[in-house]
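Take a look at the structures below.
Look at the two complexes coming up: chain A is in both, with chain B in one and chain C in the other.
Showing the complex of A and B:
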């Protein structure tokens, strides 16, 4: 961790340039999507373009004032993804417009985008430093527990067998999406304080250093939470997400492989038991393994029609896609939420989907980069955990659609129709931006031991310092 | 709209997305490059000419810290040999150095080796940790002979 001096650069102009490109992608997607079925430059087109561009510029200006040294590529990537998602949702609305009862999804999603970006702005303005969140370690544990229990109260709604929504008057909300943030805050606070205790040596088994039994308590708690979500809310996706988040964070905190192996063993046990006990899990597995079996395809609940239609769509798209607005992605059930990657794969082809996946990879890598750069353990763990949730969600969704793993109902970050997911992911973006700002910001005061030695009157003592990039 | 325009727009959009990806990557090339140019942080010759103060003098060879000595407080005189593992300071029984100091928190601070140096990090203690008289806000390197104050206890690293 040797300190190397460089000229600090805020790189906000780089962000502005990339943001222009991202606006072009977002507005271009919206324009091309509606080309076939509606007149160009209609009201909705302008509303969507204005909202995205206005909100993007708002965040950019806030960053210029509040977090000058934040990472320059996170915002453009997210705006582009959000814009492509909105365009796809709008495009999937169009074939259903003839139905008089149909309420278009895209305007709702646009409102949620505005709300989510406003929430992120508020967070950027009022939370100057992510380390403040460390004070709320245990409060966020309680909040997570409440959020996870909310759908089980009379407020909760059961949709398609999963009880993960609550009714909030004007719509539905998935508290689990917000719970992943509060859980990440709790794990980061808990692990950064107790890392040394957890690291205390336990028994050695060959090359593995096993943890002491009492240190396993948090892991067992996380496992119970995941199993509880699986049993009580019947939601496999969130269950995988919460446990994966915890495993990633404990591995990052302790760098012990034994934890990962124990965690995988516990997942194995949980999956086996769930497979035996719950029909919905068993059906998921069956429609994954025997997807093309006509009997499985036509089964009324838990059939493989959705994933197979998605695969047909991807095959129809081929390398370059059918073109935005020219395929039939609307044949897939939930094309605009769970299966949006299949819809994009059909219309943009492999070339387009790879670009989208690369954008996700870049976003996640920037999150990890912020974690490497920041100096406090809490921030490191939080940034790792939050970026890992985005990565894991992408893996579970895209893996499910391409039949690499069983299909589970998780949202594609920033793209799927669904307000709570959008809100949660924009809050994650705000947190990553804040952490990257502390990682890159030059530290104005020299380290105490050195400040005593270097007289500041020399005019060079107060030189901005920055940690060496990529040194670890 | 003619077939040609639609086809052009369709490929144009794919191109646009890839332009975004590639420009993002190139904006990050300072971070992503491997090989010769990955000495990020080292000032380029041009930067060095413009800001002569950036050129780092060769680091003075530091004596390695080998012992931890309590110089003040209830435990004054205690010494502890430093190994390669982190040290937890505090009143809790699990701590490596159990401080019998009413002003220390259970898990007060940790000292950990990284590279050739030792770092101290406050673990969210109530009364704070002071390195050479300044309260810690982040992990900082500790050089031998610099006092670390925790409550009424003062410890030092010795070579």
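Showing the complex of A and C:
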């Protein structure tokens, strides 16, 4: 860790200043979004502003008490992203308000924002140290399995061909969103415990050191989960996300390119088989490659209309955008969830989307920074996995919208309408904040368990001395 | 492990770089292609979803956008639809837009460069970008009077201009239609209405007859001949021109006659004053032969022939044919054969003579105002051509006054006001004549030029509907 300096300053005042900026962005966006179509400063405007500001201050105060050395940039970024997302969702509600049957989405999303931030707060208060999670390595695996299987039970709902939702009484929930966290916890726990064993064994084949077959178990588990999600739930996006998560964590744990190559080969085979066997995957590919073919465009369901309309939206925005509230992002289906980047691209333009993506880059980089800074292998892996998930999710969804890759139904983290996504991503934020806290905290005050926090003199960090609390 | 973390971070940044690249491609490099894609109805939705500026006459909207409850948010509504239909045109989802709705689209929809500053302000304040309003030069009372002077069922146009500025005070044509029928958003209803309107004889919803239908001018074209004659220097008020009842046309067995029952027959030689007064054909045919095709064509060009004008609606170019044989040139000199004019073109001839020979660019727009009523632009009068010298204009005016005082335009006489005018009757094969009157008043200080054409009429009806109507309009303008 010699190259990452722990700065013994809390930086909470920096966070407070950045939070003010984030509030300004979030509240300002919401104000401008409604300017055209509704009374300014109406009840909902105040409710949204008060909720965001209130919850932002709440979590900031909790950080001051509980994790005062946590990264000061993460929270303001996420508040800003969440606020811009809420503003766009609200703006997309407005043209539909005249329909008496229409239930506005923004208030639900606002409630979910409050719930998600509360959940993150509770986690920050009660978890105190992320290393405790390591005790739940195998429980996490079981929970992940249950979560992923849940939609297949009678509780499950099938929407647009994908069976990834469950009915939770007051609404729908996507257990897969939470599963990506529990799976990350499992993999971090499993790999940090077993990496030495995995690393030692294996034949060499040229420059590549091949793993032993039995060490491939987690890889195969990951592959099975991904393929299972693809086959049983018909959710290509989540499938890619899970597998990418595993690949990143295995690579970080082992530093072996051979594992990545094996993983890519496996997913390649899986994808090829899926393409042959499942029409929904083949249709996705067809809609991607031949989006502007009239036959493909007009095909319903599974046509390319959504992605093409999204492209029209982005093109209409051009460099500078039409201005918030002045484009027609409502012409794109799922504009407020899967396609929210197309909506933002239309109204804020390329400049605006670039700014948003820069926020994501900053957020992901801060996550990796926490991974570099923390001294325990579990924390490193967890922070890496979670940060990489955010990056991969952005890539899959924005790549899909811009026709770089086939469009898959994934949410844009913190922005898309969808409670489960918001909740899961805020929990990820809480975890990243906790890990960054251990990374930046002065050694003296470190602690629930001594062993991990003892600074190692070695440049290889905490690795030679394996933390014990997980297996205690 | 840290090295692997850094590598993973590089991969993550690489993925972001890829989406930044693909966004750049879509939003910048491919944007124009996507924006013009046939499936992209965003521009349409955007235009129709935006409050479009009004078209105003004397401060009152004759076309405006009102909030609607359908997917487009706004519906274009035309007040006094039939009276202004040929000026406003329509703004339709399925049938496009026409006339001012099309010619001033940039201003009305707010996308014109002239509105750049307002758009920037709108962008920063988040306010909706609203189109500008366009105020017309039309005088609503004159417009209404002119409308009433064309009987229902009669095809005809009336153009009233202010010679010193080119401003159009009234421009009406019948048959007309209700643009609201075409502007409805429901495409089925719109299509049905268009079909019904296309069955109305003499009506095209895409054409303003006053500016776009080309008709034979007949004897009003003799003003051009007379102008060419004076400008050539070969002719003056004293020139005597042979005036045979029938002019043999070389190479043919037919001849060009003067009007059989007219006063022309009383003289075998005529000066230009008499030839205009009685609208004798044979002297003008000989002038054309004498000056040649090119001279007549050049004079016609100086009056605005052969050009498409933007007023700002597009005006069809009036035609004087070229490569004529002698008989054809003789026919053309009296506004027959392939001479084809818009009613506005004849109004321009009269206006130029009235304005000391200076032809002003016809203009329909008095002012353009932003949504906040701030004045953006008010077009100032523009000279289009110096059609004839002031001396020629004076001489022509004198002769035209004589036409009204003593000749074929007596119906336009107004006690106490010197009215200058010229009548015309153009024969159209297979149907009734076109009856014309063009003139201006007062002759010494012209305030108004009036041009009337009634199509497919017999001689008696035609003369009833032209000169006397011009008189009424001139009186109405001068009494204001």
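Note that in this section the second predicted complex is superposed on the first by the 436 of 472 C-alpha atoms of A that agree within 3 Å, B and C clash if a C-alpha of one lies under 4 Å from a C-alpha of the other, contacts with A are read in each partner's own complex, and residues count from 1 in each chain.
Criterion: a contact is a pair of C-beta atoms (placed from the backbone, for glycine too) under 8 Å apart; a residue touches a chain by one contact, two chains touch by 3 or more.
As the structure is a prediction and not an experimental result, all values here were calculated from the model.
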*Which holds for A:402: it touches chain B only (first), chain C only (second), both, or neither?*
second
_In the overlaid three-chain picture, which partner chain does A:356 touch, first (chain B) or second (chain C), both, or neither?_
first
*First (chain B), second (chain C), both or neither: which does A:63 touch?*
neither
*Regarding the shared-chain residue A:433, is it in contact with chain B (first), chain C (second), both, or neither?*
neither
*Is A:377 contacted by the first partner chain B, the second partner chain C, both or neither?*
both
*Is A:323 touching the first partner chain B, the second partner chain C, both, or neither of them?*
both
*Name the contact category of A:14: first (chain B only), second (chain C only), both, or neither.*
first
_One more residue to check, A:348. First (chain B), second (chain C), both or neither?_
first
*Using the touch definition from the top, say if A:251 reaches chain B (first), chain C (second), both or neither.*
second
*Go through chain A and flag every residue that touches chain B in one model and chain C in the other.*
1, 4, 31-32, 35-36, 320, 323-324, 326, 349, 377, 460, 463
*Over in the complex, which chain A residues touch chain C? Could you list them?*
1, 3-4, 31-32, 35-36, 98, 248, 251-255, 292, 297, 308, 311-320, 322-328, 331, 345, 349-350, 353-354, 357, 360-361, 364-365, 368, 371-372, 377, 380, 384, 387-388, 391-392, 394-395, 398-399, 402-404, 460-461, 463
*Show which residues of chain B lie in contact with chain A when the two form their complex.*
1, 6-7, 9-14, 16-21, 23-25, 27-28, 30-31, 38, 40-43, 47, 51, 53-54, 56, 59, 86, 88, 94, 107, 110, 114-115, 117, 119, 121, 123-124, 131-134, 138-143, 146
*chain B partner contacts - residues on chain A that touch it in the complex*: 1-2, 4-7, 11, 14, 17-18, 21-22, 24-25, 28-29, 31-32, 35-36, 72-73, 76-77, 80, 84, 134, 193-194, 196-197, 199-200, 320-321, 323-324, 326, 348-349, 351-352, 355-356, 358-359, 362, 366, 369, 375-377, 447-449, 451-452, 460, 463, 466-471
_Under the stated contact criterion, what part of chain C meets chain A in this complex?_
1-9, 11-13, 15-16, 18-20, 22-28, 30-35, 37, 39-43, 45-46, 49, 69, 122-123, 126-129
